[in-house]
Amino acid sequence: MTTEEQKMTLHHDLKVLETESLDSGFHWLRLNPPSWSWQPGQFLMLRPREWSSDPFLPRPLSIADLDGEALSLFWHVVGKGTRKMTHLRSGDRVRVWGPLGRGFYFEPHMPVLLLAGGMGLAPFIGLIRHHPHPENLELIFGHREDLSSYPLAELSKRILTWSLQDRTPKDLAKLEKAMKVKIQGYSGDGRVLACGPRPFLSMVSRLSRENGARTQVCMETPMACGHGVCLGCSVPGAGGRTYQACVDGPVFSAEELALDQE
Amino acid sequence: MTTEEQKMTLHHDLKVLETESLDSGFHWLRLNPPSWSWQPGQFLMLRPREWSSDPFLPRPLSIADLDGEALSLFWHVVGKGTRKMTHLRSGDRVRVWGPLGRGFYFEPHMPVLLLAGGMGLAPFIGLIRHHPHPENLELIFGHREDLSSYPLAELSKRILTWSLQDRTPKDLAKLEKAMKVKIQGYSGDGRVLACGPRPFLSMVSRLSRENGARTQVCMETPMACGHGVCLGCSVPGAGGRTYQACVDGPVFSAEELALDQE
Amino acid sequence: MEQTVALGGLTLKNPVLTASGTFGYGTEASAFGDVRFLGGIVVKGLSLEARPGNPGGRIAETPCGMLNSIGLENIGAGRFVREFLPRLPWQETPVVANIYAGDYDEFAELAAYLADQEGIAGLEVNISCPNVRAGGARFGQDPDMAAKACAAVREKAGDKPVILKLSPNVTDVTEIARAVEDAGADAVSLINTLSGMAVDIRTRRPVLGSVIGGLSGPAIKPVALQAVYRVCREVNIPVVGLGGITSAEDALEFILVGARAVQVGSASFADPQLPFSLVSRLEELCEELGIESWEEFRGRIETE
Amino acid sequence: MEQTVALGGLTLKNPVLTASGTFGYGTEASAFGDVRFLGGIVVKGLSLEARPGNPGGRIAETPCGMLNSIGLENIGAGRFVREFLPRLPWQETPVVANIYAGDYDEFAELAAYLADQEGIAGLEVNISCPNVRAGGARFGQDPDMAAKACAAVREKAGDKPVILKLSPNVTDVTEIARAVEDAGADAVSLINTLSGMAVDIRTRRPVLGSVIGGLSGPAIKPVALQAVYRVCREVNIPVVGLGGITSAEDALEFILVGARAVQVGSASFADPQLPFSLVSRLEELCEELGIESWEEFRGRIETE
């Protein structure tokens, strides 16, 4: 790819096709699709021009789905930026750059266990929708908010899903147990792909090590640049190494990191 | 008025009824009307909550009109804030506080000459629309932008108006001459009310002094607070005095100020 | 939660004060709220004589902030005491006089006059203004000068608390804080504005008549928090935190790093009800976060 | 208009450089633009040995800005020279190495090594980092230490220009600027970040692992402009202005107060094309404003 081509691929002013607000602060944004080739787990940076300088930084978001119809983003309102994003309306233009980072690695024929904690579901949506052999996929989904906020009904039609509420310590113990059993089941030829909050990924990493599973985790650290120039997104790797989540990740194999020791 | 009543009068979250964009950056905003008693020349401060902290300060705007139907604002895009205001859409809510400052003083029976330079037309719109004796009013309007950007056709139906393009030094000389003649005509029992850029007001002040007219000018200085607490809006008065445009004005009698010496 | 805080001999019903220069002489904002609900008010900086302030542009908006160069315009301490103080509910809400002067004697005279007024609860000494006699140096940028100004005021202030207002435009603000603590300050408040400038590339002129002015607003909050945090670890007198506070969350941030009370400054231009709404919002937020007392929360930032 | 500027022996095809720490090692942003069009690039701060940087949170967003505490993580000067420099178009665009060290000897050694590399056009000395041996003081906050660091680098830098990067966290930045000018600096660049802090009232912890970090972005532009303005009036060497530049208008503001060149820093996180688009936008804007040459515009702010 020449520099000129790359540039055209990365940086876009996209038109908002549709927005959708669900309960408890969940939102969908569908944008005019750029012609990217992408992997689930890759992300983009988004920054509407209307933000003036406050919020200052762009926001990293997983590519929830991308096909000929739309580039879809799915997010939960947690602060200033995600709240401002809910003001976008169809016809508006937003600036995005992507696809960024390393996505999940898997082959269509592999049995794959997906482990998602809350918004960690986002990168799996497109994966599930477009997987040529959905029978090879299975999802365990730990969630706090009401299930109806997530597109789970749709996903359950394509693959086997297990949803577990994750609000109390007791819930958590149940989730851990369920994951343990499943991870053991995928420890042979299978792959485990996980995305969710840091403690969730630590737990998954530990269970994977203990059960000899080949696991990849998607690390959502704060990011300023998203393309390797600021060194703000460091994650501690095994053996004292430091990785940059935005270019070395956000998806890492669990052994590369030291999460299970957290 | 008790403090509680004043508070309720001043500070409002108003719903946008309608927005209208004209050519060359002119905009109308019509808001759900608060029950203020107001004088033309008074203003309000406006700051939509969506602004985060950038732009930081509220924006002062003349009350262009206020009746049972709507509170109307009319502005020209000059910078960050006035540009952001164009993103408002009906149904949005904006925070305003007003009516602020001292408006124009006149009695319905007085012959009144209105002198407006560009956006200085704003405070005269409601005045003209609601004056019980429009035959007592006459307007000279100096403008740079196309006449169609201003609601002049409507105003000309009610009162006598003279429009003069004001783009070149030659235009300016013509405008000055026209104003001089008219100001002389109103120097007896009449009143002259002027609003426009500073050099325009200086010219009006000088012509008024030379011709003994009783003139009031509306001073649009940058303001941070709009209600007398920041001392940021000072205007130099006659005899070395300093006034605060937001509470002592924005309308001053021309003799109070030292504009004719600028 | 009980909101009362003690501040160098004063008792404030809550930790929310207004910042000097952003709340006039205390009466102007009455249409937006009732000052009796505030923890205290700090009025516009007063000098012995009235001052006209700076000519030319006095304010400029900047990203998330503003510059001002009011030039310490004020009506003079005497007129304030005669015309405004009687109209303020000083029996219910402490009124702190912010003061500045060109030399130590003037500071002493001003302090003596104001401390003598029943309605004045305390003095806040603005040492960020240029010291004319010492050729433009600023009291607040030199520990010895700061200490002398503090001592001059302290000596004449009787039983009224003296709060030294510190400038962030220094290499080490804790050095100045320690100097004024040693010189008898009952409290310090910080930060005053940062030195800043705005220019107009079309007219090729500075936006402010005074060329350089003071930067305030949310833009400076990180600098203010840092300064308050560091000073709180170095002095034993109470610290009043300010700089860019726009919400109850911001106020708690200052208290978390150690501030005893906070001041709301230029954010009240963006929302004139802010000082008032902050009082109730702060109480709610303490509830939400399960804060049980100021003692349990103040300064309890965990840095390990 | 002809955009070329001379900077301490270098010729830049335009006055737009990238700021250290916001453009990696120069190759990472190639998808957003072609560095050959830039006036120059300043790479991430290099030390003699690789450094791991700070643990914990490294960035925090603040109003119109951000805090960072990268802790000067870098791969070491040697690896930069071997792995990145050969991939940079240094024949067409000057590559300036930003350097820092813990003591004067280390500065000298680093300078000698880098100045020796053909592809390195000049050195920018970051004196805002803590000097470990002197117990946490910072070279950039003391005129003598700043001068010594400058002299140490200047002596070993051969014919390569040495730019001293100044910290705004001082009482008087012009004092430091004069000190390094006297010590042989070919230019100064300013400002580096302001000291700042962010805290989380829910976890009661600082957001940054290092507690205090450096504030950058539009929030600090007024402080930067003021510092550049003042330094330009006090020194005769060229000044590189930076701090919060987000547009060609901002760049011209720095040039109007006297800057020879400018650097684009954290604003390129918000828009990675910014350093590139600025170059053409600046040219257009000069046209629009009728600026005929840099000489006619630079420093021509009218303050009367």
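The first chain written gets the first letter, and so on, giving A, B, C and D; residue counts start at 1 in each chain.
One rule holds in what follows: a contact is a pair of C-beta atoms (placed from the backbone, for glycine too) under 8 Å apart; a residue touches a chain by one contact, two chains touch by 3 or more.
In this text the structure is predicted, and so the values were computed from the model without any measurement.
With steps allowed only between chains in touch, the distance from chain B over to chain C comes to 1. Of all chains, the one whose CA centroid is most distant from that of chain A is B. Looking at A-C and A-D, the interface holding more C-beta pairs in contact is that of A-D. Centroids of chain A and chain C (each the mean of its C-alpha atoms) stand 46 Å apart.
Distance between chain A and chain D, defined via averaged C-alpha coordinates, is recorded as 35 Å. In whole angstrom, the spacing between the mean C-alpha positions of chain A and chain B is 53. A separation of 34 Å divides the Cα centre of chain C from that of chain D. For chain C, the set of residues touching two or more other chains reads 62-65, 217-219.
Counting only residues that touch two or more partner chains, chain B has 52-55, 80.
Shown here, the protein chains touch in all possible pairs.
Those residues of chain C that touch chain B in the complex are listed here as 21-24, 28-34, 44, 52-53, 55, 57-66, 68, 70, 73, 217-219, 246, 266, 268-273.
Residue ranges on chain B touching chain D, taken from their complex, read 52-54. Interface residues of chain B, counted against chain A in their complex, comprise 50-55, 80, 84, 87.
Those residues of chain C lying in contact with chain D across their complex are 62-65, 67, 141, 169-172, 194-199, 201-202, 204-206, 211-212, 215, 217-223, 225-227, 229-230, 244, 249, 252-253, 256-257, 289, 300-303.
On the side of chain A, the complex with chain D involves touching residues 3, 6-7, 9-11, 47, 53-58, 80, 95, 97, 222-234, 236, 240, 242, 247.
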